[in-house]
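Structures for review follow.
Across the two complexes that follow, chain A remains constant while its partner is chain B and subsequently chain C.
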Partner chain A sequence: MIDKKKVLLAPLDPVHDIGLKMIKRGLENKGHETILIPPDYSPEEIIKSIIDNDVDIVLVSRTLGYGVAEVLGKFIDLAEASGIRDKVKIGIGGMAVRPELAAELGFDAGFGPGTSVDEAVAFVEGREYVPAENRSKKNKKDITEGYDYLFHNKKIEKLLDSIVDGILDYVSDKTTTAIQRAQIRRQILESNSESEKQKLRRDYSKLCDDVIKSFYESGKYREKTRPMTNDEVDALNQYVDAVNSRMNPLYLQHVDKNPVVFIQYGTGCPFMDIAHIKSCEAWGADGAVHFDPSWGARTEGFLEGYITHEEDGSVITYENLKSIKKSLLPNTLWQVRAHRGLNTPETVLLAGKIGADLTKINIAYGSLGGGTDPERLTVDAVEAIKYAAEFNMPFDVVTNEELCGVPAYKAFAGMLIVSKLGLRLGAKPILQPLFCYSPEVMISGQMEDNYVDFNAAKIYCLRNIVNAPIWCGAPIGFLTQTEDRVQSSLMTSLHASLASSLGVDGISIASSDEAFSGGPITIPARIDTLRATQSSFRFFGQSNIVPTDNAHKWAKEIEEGIEAVLELVLKNGNFVNALYQGILGSKEDGAYPGRAGRDSVMKKIY
Partner chain B sequence: MGIAIGIAGTAKNTGKTTTTSAIFNELYKHKIQVALTSIGYDGEEIDNITGLPKPRLFVKKNTILATAKKCLEAGNADYDILETTDISTPLGKVCIVKVIKEGLAVVAGPNKGSQLNYIKSRMFNDLNCKVILVDGALNRLAPMIETDGIILATGASRNTDIDVLVEETKALYELLNLPTISKDDLQFLSDIKKIALVPKDSNAKTVFLKYGSLIDNEIVNEIADIIKEIDIKVIFIPALISEFALKTLNDSIGNSWANKDLIISDPIKLIIGGNPETMLKEVNRIKCNDGNIKALKNIPLLAITVNPFYPKYRFDKSSYEPGYINKENLLNKMRTSIEVPVIDIKQEGPSRLLESILSRI
Partner chain C sequence: MSDVLEKIMDAIDIETYIVSKNEDEAEKFAMELMEKLGFKDISIVFIQHRGPGARVRARGYIYKPGDRYGWLFN
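== the complex of A and B ==
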């Protein structure tokens, strides 16, 4: 049984008392007696009112500004000098109030932004505030859950099956040094013998480029790359522990249909990456995507140890990934990209061994927009998908070749081929259409009126074809953002709500300075888009954005285009040749088959 | 028994923490068992209000602190918790701790006088502390009543006009030096919690009002009405006196102050009720009308530290940046006007301050 209290609600403010009115209702619902005095009372008048009404508790609200801290400190002094301080508890609320400030001003409690009415009621009732269970614990969401990958478009399914047969047949007698390195890496990770590990490292280094070989042979690091010191690693661990101990993440989602939100990191420094991740987690991000360096994608082999470097993208090593994984909140989804480059099997192996939730594989984008040789990536990707299946890591199939100029229907054809390949190999693919202002629509005009219809068309089209999870990327709103952070944040948030309205499962968002940062992106700019997305989800709730009839018309056109491309791929003989010949994205479109790893595929030796 | 010293400020950034740290270091040198608490929040890296960097608090092994539980996790000193008190703050219960590994500390202790009294008694009686430093917060003074003397930190952060600053500090000094009442009167008045009007006629009954504070016209009018009817010798106000109410009382009873005593609980009840210079003016009006003003208790002003720094607000950037006034001018004028040591702690160090403290142990 809780004692009923008499509470004076005092806006020590010329105007504002909204928060107090809300608390008043909450207190009265709990049976407490409240007295709300009007705004603009002097501190002395409030003190007199406290004495006259013989109250138990006073809740003061005040918007903090220049000199106001002194006013509030003086109010507490007046209360003490009046002899009421020992019998009356006094709390302060306001947009700039934090517990530290409340302590400094001499109040018994401080209620800042995001304070719930329940929290203020708990203070009045003298009990510890415990946030409601469902809001205090975030759950890790499996975005593939509930999808059966049933193809509604049987013609497309049949075409895909034939193409996948061709791919599996093509790779069946081929291998690469990347596949062999992944196998050795696995042995290193699973071996308990230091001497065996040393031997395996020697074998591994023989399969690497010179820059990696010299690391294993003479401990030499690539330029601009260095190991983190022990002090740095210790400081990182301390930082993570300290941040996690006080972490109380926001929620971005307002209704169940709101998608999970991923951010992407790759500052080059694992410490800085983790600082970005922790900040994004605090502001509600549900997942983080690891970006590797572009030189790493063109280099055969991985380094070892805690490594930092002065370039974009963070170096993939077992230790770096492990430290990042260790820093994450239990509910944070973590993806390690393996969609391009010369180390895709080993990347997925490391991600799986360390406990990543997701990976990213797409042969079409990786070889047409990501710079990797189509044949090499095809052979490697089949192995990478097998690891993804083994470690039960769903992988998204990104279609960023659209940004090179490849039309959506061609990019989608490539995405569907790799997705079907994934299904055949026992993995769970996630479709990743872009929400962007792509060169295709710039030229053809589908976005002259709005950014809604063509993006909606992509989702309608994919839903017409197959019942599969969809994660819009990457990041959403690409090429609609400018150097103005408010504009960028707004574009991100509107695309996020469009994605939500269309029922997609996940989205990746950029920071508001990502497109124009000219260097490292900043934490405040990350918070911009996270908060904008949260606000947009709150704004739309269960309501929907309604596209025009163009969306369904263009969805049909894209679907027809996909069918035509798949037929061409099949007619052409095999998928790898189709990539070289531009069927899934041509030089005229802006896609060029990558050169990294050209002619490096070997016949298997049995 | 030791001494509890309050480091009070007239505003934020007047140098409270710098003064505290300097005294701390000097006490360490003399190997005197020292304890620290704060009625605010001290030791943070960045000011909670202005966002400017702040001086940090470095504590050595064996120092006793009274600080809120959450503050123990901040900084890098390590502690042995001697007691978790029932004193609640926005940062958790106040703990009495002993430093077992020196380092930076964040201190947010009890913020009410009564709570401070408890902490003081534990530190003196059970933990053998010789000096307790009570760091202030912003312009707050009320809990300082529980100390044995205060060091006043003032400076440009309070006012960038040196003449105004000196006048105000002088007024504070004079108010803190009000005469105290006799022991007999003290016995009679110390337990009274409401405003009391004591008649000259010793057979007449003392009149008690509903309130302990003199804070509005209603109370002033009630006093004035009683004075018209009864010949009063003492007006005792145990709690707060506001500037407006005291001025109205003076306007109302004017010449009737003759041969009457206004007795207040302590000068702090007067100082926090308004602007010190205006308060002093009203006090002098009482004296000019042949009245007296006395306090049950005084708190000696041990010294004044001055700080020429102030956080300058940049309207174009909506942020603060460091600003300074003329230090020499400030020191000279302050020293000429006030008869307690006036010290620039950064330049002179704390040895003169320590003399004032040690002489009282």
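== the complex of A and C ==
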């Protein structure tokens, strides 16, 4: 049972006493007696009040910074001289106060900016302050939870089913070296015999490009990559352990409807990636997305070991991914992208084996905007989706071909085809519309007045079609940000709140370095946008941003456009040919069928 | 490199306002400032000149990805 105390609350300040009023309420809720005196009392008058009221504890606040040390020093000297110092506990707090200053002057406690009411109450009650458990423990959120993938637009569903039938029939007798490598990699990971592993590595290297083959045959590293040294690996483990022991992550979300927030990393170095991820976790990021190097997508086969890279994108190896996964807090969502390139099945396999939560697959984007041959990626992606289903990893279907200039309705048609394919194969797709200032609207003018309506139209459209999770990408606000970190952070945070207002499940945010191309993204730039997003969520709470009538009008137009594109794909008879022919994004739109892996699909040998 | 610089994770940004006639002059001053402060790998991340001067954010990279990071070993 806690003794009830008599507490004097004294603003040693000309005007400010809000903090003391909040503490007063907190103390009274706990049954303590409080006396709040008005601002602008002199130190002498406050000492007199302490004596006259015979209080147990005094909480003094000071907001104004000028002369703070002198004023507080005078106050504590008077307290000593008046003989109350031994009988009364005195704490000080406020914007101008730092705990070090309080200790130096001889106060019993000092509470700086950010002090909670509970902390002050704990001081009064003479107990140790323990932050509330529910705010210090974050949970990992399944953003697909609660979605049944029921199609509201039955016409679109029927078209998608027919197209998916065609895709599965098309790939049924085909394979690729990527599929074979994934099968071998699985055997390597599951084998307990070193000699068998060596044999499997030899088999693996035969299916790789020369640059990878020479790594397995002669230990030669690709240019601009190098192995991490043992002392670097040891130091990283110690660094992560030390950081995790003092982690107390912030929350970005202010209300339940705020989406989970992902950051994207890929500095080139897995250690720098981990350092960035740990800092982002601390500042409230809920998830991290792994970016691999662009050359990795054009190269047949993966390297092995802890490998760093001097350019953007972090090399995918089992060891690199494993070290990143090991560093994460238990609540952090982790995505490994497999949306383009010549190693998509193995990427998803590795991600699944290591315990990633999410992956990223989209045949249309990967082959029209990501440089991979459409036929090759179709065959590989079906296998990749099967791995995603096996490892229970939802995958987002990103539509960044819009950044090439492909209109939303075409990109969405491709996204819905791959999503339906995923559902058919037992996986959980997540719709990922681009949530930004895309070339389509730059040309057509839908964002001349505001950045709200067309983004809202996309979400309305998808919600009209299917009950599926939506994760806005990637990153939100792309092409609205400048090199100015304030403007950049603001644009990110406003897009975050718009996404929240529209009820989406996840967002990927950029750093405030998004528009800066002169060097690597820095960690302060990542913290800028995390802080901005947190503030924006706080600002809007449960309130909503209201789009104009254009949003619903454009949503309908996009939906009609999707239907027309799907009809064309079906009429064309073959999804792969539709990709080559530009039905899901043409050269005129700015989309070009990728060339990596052209003519590399093989007939299966039974 | 002094010990404290080894504690910088990646870069140091200097944000300031430079009294200048135009953006080119401001950029020149910003580069001079960073060099004077001893930075080697310098970038002007943001610069905007209006009227009396320029708002500037200049960056000196301490570590770039792939380097051997001092903070990792302490």
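As a convention for this text, the second predicted complex is superposed on the first by the 498 of 606 C-alpha atoms of A that agree within 3 Å, B and C clash if a C-alpha of one lies under 4 Å from a C-alpha of the other, contacts with A are read in each partner's own complex, and residues count from 1 in each chain.
What we mean here is this: a contact is a pair of C-beta atoms (placed from the backbone, for glycine too) under 8 Å apart; a residue touches a chain by one contact, two chains touch by 3 or more.
None of these values were measured; they are calculated from a predicted model.
*Asks:* Between chain B and chain C, whom does A:D86 touch in the aligned arrangement: first, second, both, or neither?
*Replies:* first
*Asks:* In the overlaid three-chain picture, which partner chain does A:E232 touch, first (chain B) or second (chain C), both, or neither?
*Replies:* Second partner only, chain C.
*Asks:* Quick one: classify A:A109 as touching chain B (first), chain C (second), both or neither.
*Replies:* A:A109 contacts chain B only, not chain C.
*Asks:* Once chain A of both complexes is superposed, is A:I18 in touch with chain B (first), chain C (second), both, or neither?
*Replies:* neither
*Asks:* Between chain B (first) and chain C (second), which, if any, makes contact with A:R485: first, second, both or neither?
*Replies:* Once the two structures are laid over each other on A, A:R485 reaches chain C alone.
*Asks:* Taking the superposition as given, does A:A564 touch the first partner, chain B, the second, chain C, both, or neither?
*Replies:* Once the two structures are laid over each other on A, A:A564 reaches no partner at all.
*Asks:* Thinking of the overlay built on chain A, is A:I443 touched by chain B (first), by chain C (second), by both, or by neither?
*Replies:* It touches nothing on chain B or chain C.
*Asks:* Across the complex, what residues on chain B touch chain A?
*Replies:* The contact residues of chain B facing chain A are 11-12, 39-41, 44, 48-49, 68, 70, 73, 88-91, 108, 111-114, 137-143, 193, 211-213, 215-216, 238-240, 242, 244-245, 268-269, 272-273, 313.
*Asks:* Where on chain A is chain B touching in the complex?
*Replies:* My answer: residues 44-45, 47-48, 51, 64, 66, 69-70, 73-74, 76-78, 80-83, 85-86, 98-110, 245.
*Asks:* Inside the complex, what are the residues of chain C that reach chain A?
*Replies:* Residues 9-11, 13, 41, 43-46, 48, 55, 57, 59, 61, 63-69, 71-73.
*Asks:* Flag every residue of chain A that touches chain C in the complex, lowest number first.
*Replies:* Going by the criterion above, the answer is residues 224, 226, 231-232, 235-236, 239, 267-269, 271-272, 275, 279, 308-310, 482-485, 513, 516, 518-520, 522-524.
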